[in-house]
Amino acid sequence: MSDPILKARGLNKRYGKVTAIDNCDFDLMPGEILAVIGDNGAGKSTLIKALSGAVQPDSGKIWLDGQEVAFASPNDARANGIETVYQTLAMSPALSITDNMFMGRELRKPGLMGKLFRTLDKKAMEDFAREKLAELGLMTIQNINQAVETLSGGQRQGVAVARAAAFGSRVIILDEPTAALGVKESRRVLELILDVRSRGIPIILISHNMPHVFEVADRIHIHRLGKRAAVIRPSDFSMSDAVAIMTGAMEPPASMAA
Amino acid sequence: MSDPILKARGLNKRYGKVTAIDNCDFDLMPGEILAVIGDNGAGKSTLIKALSGAVQPDSGKIWLDGQEVAFASPNDARANGIETVYQTLAMSPALSITDNMFMGRELRKPGLMGKLFRTLDKKAMEDFAREKLAELGLMTIQNINQAVETLSGGQRQGVAVARAAAFGSRVIILDEPTAALGVKESRRVLELILDVRSRGIPIILISHNMPHVFEVADRIHIHRLGKRAAVIRPSDFSMSDAVAIMTGAMEPPASMAA
Amino acid sequence: MSNTDSFEEVVKTRREEKFAEFDTTEKGVLQKFHHALHTNTALVPLIVLLAAILVFGLILGEKFFSPFALTLILQQVQIVGVLAAAQSLIILTAGIDLSVGAVAVLCSVIMGQFTFRYGVPPFFAVLLGLAFGTAIGAVNGWLVSKVKLPPFIVTLGMWQIVLAANYLYSANETIRSQDIEAQAPFLQAMGTTVKLGGANLTFGVILMVILVLVLAYALRSTAWGRHVYAVGDDPESAKLAGVNVHKTLMSVYMLVGFICGLAAWVMIGRFGSVSPSATTGVIGNIQAITAVVIGGISLFGGRGSILGSFFGALIVGVFELGLRMAGADPQWTFLLIGVLIIAAVTVDQWIRKVTA
Amino acid sequence: MSNTDSFEEVVKTRREEKFAEFDTTEKGVLQKFHHALHTNTALVPLIVLLAAILVFGLILGEKFFSPFALTLILQQVQIVGVLAAAQSLIILTAGIDLSVGAVAVLCSVIMGQFTFRYGVPPFFAVLLGLAFGTAIGAVNGWLVSKVKLPPFIVTLGMWQIVLAANYLYSANETIRSQDIEAQAPFLQAMGTTVKLGGANLTFGVILMVILVLVLAYALRSTAWGRHVYAVGDDPESAKLAGVNVHKTLMSVYMLVGFICGLAAWVMIGRFGSVSPSATTGVIGNIQAITAVVIGGISLFGGRGSILGSFFGALIVGVFELGLRMAGADPQWTFLLIGVLIIAAVTVDQWIRKVTA
Amino acid sequence: ADVSACLITKTDTNPFFVKMREGAQAKAKELGIELNAYAGKVDGDNDTQVAAIETCIANGAKGILLTASDTSSIVPSVQKARDAGLLVIALDTPLNPIDAADMTFATDNFLAGELIGQWAKGALGDKAADAKIAMLDLDVSQPTVGVLRDQGFLKGFGIDLGDPNKWGDETDPRVVGHDVTQGNEEGGRKAMENLLAKDPSINVVYTINEPAAAGAYEALKSIGREGDALIVSVDGGCPGVANVEAGVIGATSQQYPLLMASKGIEAIAAWAKDGTKPQATDGKSFFDTGVALVTDKPVDGVKSISVADGKKLCWG
């Protein structure tokens, strides 16, 4: 077994009286799809925020490809090839779909205009955005220049997922990417995830949808009360077992306890 | 068959270039659970916003219990017993869970303090909130006075659902109430929905989760491209058929076309 | 196994569950202090205030650390303190009121002119002044809530209108303190001094303190208060959640107008005279906003406590008197107050950070 | 049938799909107009501006409707126009800058005093003034972005500091126009008049127009501009989405300081002299904010267009000149401007509503 | 009326300027001249005064009466007006240089200060040597009128001025301190309190104008010291003179804004009629409309008029 591409040990994060992650460990292997499941409020989002630089843990260590890292901001993590879809989506509500998709990596016009006047290539960005949305089956978007705040819940989520998939290079983290999506759009996202893995990029997928998790995941990290309760392979356990461990109805199997 | 408790004919809503609902009809029968399904951006949320006074349709008519109504605000609808969980949840981020649950119908202390000084009964409200959250299985909430903005995505949604269920009297509208919820918490919401129906209160349930929809709905309103494409009974059709109609892969059966 | 088993069965039976709890490692005084800072946003400006008093006390000795000087600060901030209380309410709704100072001055002119020009008994003249303030507040509130104009614009316009009306109506004439004392002492009631040892308290100061306490109570412990916060936090959500946003905004703006009327009465008490050219008309708004922001209320609405504004007003008052007593000349005082405003909020920010 | 069938199979095969389209019933000019109003937020203040010019033109006749009077308006708003351009940038980031006017005045004093007190060649004195403005902007930006202080407080403090420093440094001395003309005419360069028929344009006016156009371009068509909007819209999201919020804020505040330096140069051109007591130091901030808000930029950041601010400044300029020419007395002018500010934004709101 | 004129004052919140405008309007009506009045937004507002001059030129006025906020910065605009054929008369405040205007009808503000300084010194007698003086000025921006009166007072009291173009650089220990009042009661009270907190033994109070004096008096009264301190002021408005009578103010230097205004209007009428320009007072570079010290406690060697006379001449 190779070394984890992303690894964490003993992460803690407390907010005043509230403990969000409690001495938590984490491992993501190269090229795998790792699902993270757990009750609401178990600390999944906080965990991946700590991994992607959006939150600074109170204590604990993180390694990327064997190198210890401490991301001060999501930009730091992104510079290291980690792309994240946050549960809150991180969109600028008043800006357009295209603006949001290219935020921080806008395309400039070729030639003088782009070099000298730094003019944006709106056309190229719009075409690209359209194409990515079509890939996800978001065919109800009538106006690509619509402000994101006017999109439906699912459309908005689709835009965020399209952004991460288009730009991630080393690790892609998806926090409940299909929560607001319809049947067809969810399916497209699953296909996208498999496609990304086939390009060799590992993925962290947080989801409450057990059938989806068991369909695509290579391994499942079960989170409970702020820490990793177990890591299982979907081939070894049933969904019922996973849910039982996650909700505390069943003790994690000794060998699998993290 | 009795008359619809909530009925709409020819609703339209356009935002600039974008058509959100397109000459849409709607019927909710007394005491039923009506599921509304449709692609992302099909116009489901806009439809229920029009029904609950949050959006004023450009044209079309709405009847509540046979009486034509035109709600100018959600407060109007609420005064008529229509309680809604919006997809955006409608919470005040900086306020506490309790504050949010009782927003607009706060409890006052008994006796002089309450009457004369209008003092809030914080204790009573907190206890009530705790109880409702426990009913939904949201046991990860450590601090009932936490600001809603610090809750996890699922915790937040749980609070919104608890609020509607606790206060709805005539019609309860739930826009994707389980989207962010975990397996256990979703199950509790479904139980809650069945419980509400058993109290004789009809429910509109928007959801992308087909198994859930087919489990609890009496009838299913299939929404497509801004209008009602068909209304089916889950006993007459398979999930595959419903999804096919919803995505346009299958023409709605002539008799069922709305 | 990518097929669905009946995993939902697992959660169909309810298990006995407790709400989650964790061991926390650090405990005791420090943690309690942290927690207090978090739940009570006014505590930080209070600490800054006490620190400022201490520092000036150390530098200036008992000249500053005397009941006389300390109550003098209360007297000097009483007008700004009352206006800051009003301003806090508006800012909590994510608004801003540039007209507070001008409305206060015009109300004081109305109280004075109604007594002296039209012979209205002073008691009723004061009531009329309060009513007038409330009416202006209602106009502001209506334009903000119904016509949906930005509060900044509404109150900027109103500021100019009220200030100009004030000069036009009064013909820029001052009513002399001596005349008021002789003919309508009730107008000066708020200036009545209560001596307690070396301390000088005026009715105006007492009114300010009571007003702040009452508003703090109303904001914290009544439904109205919760609605004010909700409207400022996210008006769209508040509306969807069933708050009558219009009613809440109207009540706030009208109450603010009324409080401006109170400020007018306090002003007459403090100056003795009724003067249309009082500086409050021109800079009272900025002074009040400054106090509010130093006190930790967010200009984006929905966050902060009115007690904080009160401490904010006092912080500025302490700096001003302290610097003057230390002998800084007016231009240097002006400059140093600028520095200290920034410093006070930096300290505030720093305390919040280390205790986060 | 409450069991799961393999419903997901239905969507596993991709069908040919088009993006949704609907027939729209109303079409043609009106609809295009509506659409233009929605996509171009500066259009509404432009309409208000044209309407205002028309109304005053009808009342005052060709006295007002002349190239001379209309270009006079441009000259009278040039300082506020430049400051409003700066202010727009800050407000787009959800900030506010109370120091713009004071910084401009101090920069003009620096340009003047460096030339006359230290004998620096005028060209370099202007450069030093611009650099100084940029430096003050950097301090503001750093306090806002790194120390995370509210922009209102930072720039309120800076306003007082800069204004006091300005009086102290200049010893309240004006450098007379005659002396500048004789010894350092370059300082007055922005006052150079270009006559075109009856129209009088100054370099300062031309600078203002170019500045606005360049900024409008940068905000709309460069990545930097998109980042400015994103930071103002929701800084947390912008950060998560990968915008370097600190860099963006620093660039905005420094650019604003630089533009204040330009305003300083324009001021010397307009008044001829260098005067530390120029009113711009005291009310330039409110004037600029007024223009911005009338122009439709949201004080909550992220929404609006800088062209709107320019039209906002012109709207106030038209009202002021128009009312003055019509002979309204000062307090009435002041009052009417208050009314008209509210009215202008009401019309704006109304146009948006009927075309929503 | 085919002749129109402009009156541009520093502000119109100060009763002094309101009365000046009323005087000018009355005279203009009498002579059949149309008068437009303009004013700065705050004391020191040059910007608005420049815009006002531009408006007068655009409107084709025959002449301008101007109380300049910024005596040198306004000069290029005045020159533009004169080039366009308008008669420009400085009222109340001379321009810098004084001949930038066609004529000046003014009080000598330095003299006004000097008179109350001399009076205060005389009234204190021997005690003047260890007086404790509070200086209540106008604004931190030090507008010229404030500096002139302040420095005039100090000179009259016999204190070394340092740079006469600014206040605050004096080293004489008798000066307890300066503070600013914005020229109203509110500022007067606070400034007085501040200086009293610094040194409670203050016994001479210079004030920029009578409203500031009234505010200072309230501060003294609140600690029971109103009887021990001498307050002097400038303006001679009717409320101010009444305060001299009531003992609130010891003495005040009276100015005559109505006279300035009516003289100014007459000059513009003459200019419009046949192009004659007004003449300066003999031996001065301006037309002195005079200043008189009003007090009922005259002091040897300082010329003064009684309160009764002051009341007859007062404005507002």
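Odds and ends about this structure:
Chains: A, B, C, D and E, in written order; residue numbering restarts at 1 for each.
Please note the rule applied: contacts are C-beta pairs under 8 Å (C-beta built on N, C-alpha and C of every residue); 3 or more make two chains touch, one makes a residue touch a chain.
Fair warning: this is a prediction, and the values are worked out from it, not measured in the lab.
On a Cα centroid basis, the chain most remote from subunit B in this structure is E. Of all the chains, the one whose CA centre sits at the greatest distance from that of subunit C is A. Averaged C-alpha coordinates put the centre of subunit A at 72 Å from the centre of subunit E.
One inter-chain figure worth recording: subunit A and subunit C are separated by 45 Å, centre to centre, where each centre is the mean of the chain's CA atoms.
Computed from the mean C-alpha positions, the centre of subunit C lies at a distance of 37 Å from the centre of subunit E. Looking at subunit A, residues 16-17, 19, 41, 88, 139-142, 183-184, 210-211, 225, 243, 247 sit in touch with two or more other chains. Those residues of subunit E in touch with two or more other chains are numbered 12, 42, 140.
Taken residue by residue, subunit C touches two or more other chains at 4, 7-8, 10-11, 17, 20, 22, 167, 331, 334, whereas all remaining positions touch fewer.
Interfaces, counted as pairs of touching chains, are A-B, A-C, A-D, B-C, B-D, C-D, C-E, D-E.
The touching residues of subunit D, when paired with subunit B in their complex, are 1-11, 15, 17, 20, 22, 24, 34-35, 38. The touching residues of subunit B, when paired with subunit A in their complex, are 15-19, 38-42, 44-45, 87-88, 138-143, 146, 150-155, 158, 176, 179-186, 208, 210, 225, 243, 246-247. Taken in their complex, subunit E has these residues touching subunit D: 9, 12, 21, 34, 36-42, 44-48, 50-52, 54-55, 58-60, 69-73, 75-77, 96, 140-143, 147, 163, 165-166. The touching residues of subunit A, when paired with subunit D in their complex, are 54, 73-75, 78, 84, 86, 88-95, 99-100, 102-106, 108, 117-120, 122, 130, 134, 137, 139-142, 145, 183-184, 187, 211.
Per the touch definition, subunit E reaches subunit C in the complex via residues 12-15, 18, 42, 137, 140, 168, 177-180, 182-187, 189-190, 193-195, 197-198, 211, 214-215, 217-218, 221-223, 239, 242-243, 246, 248, 316.
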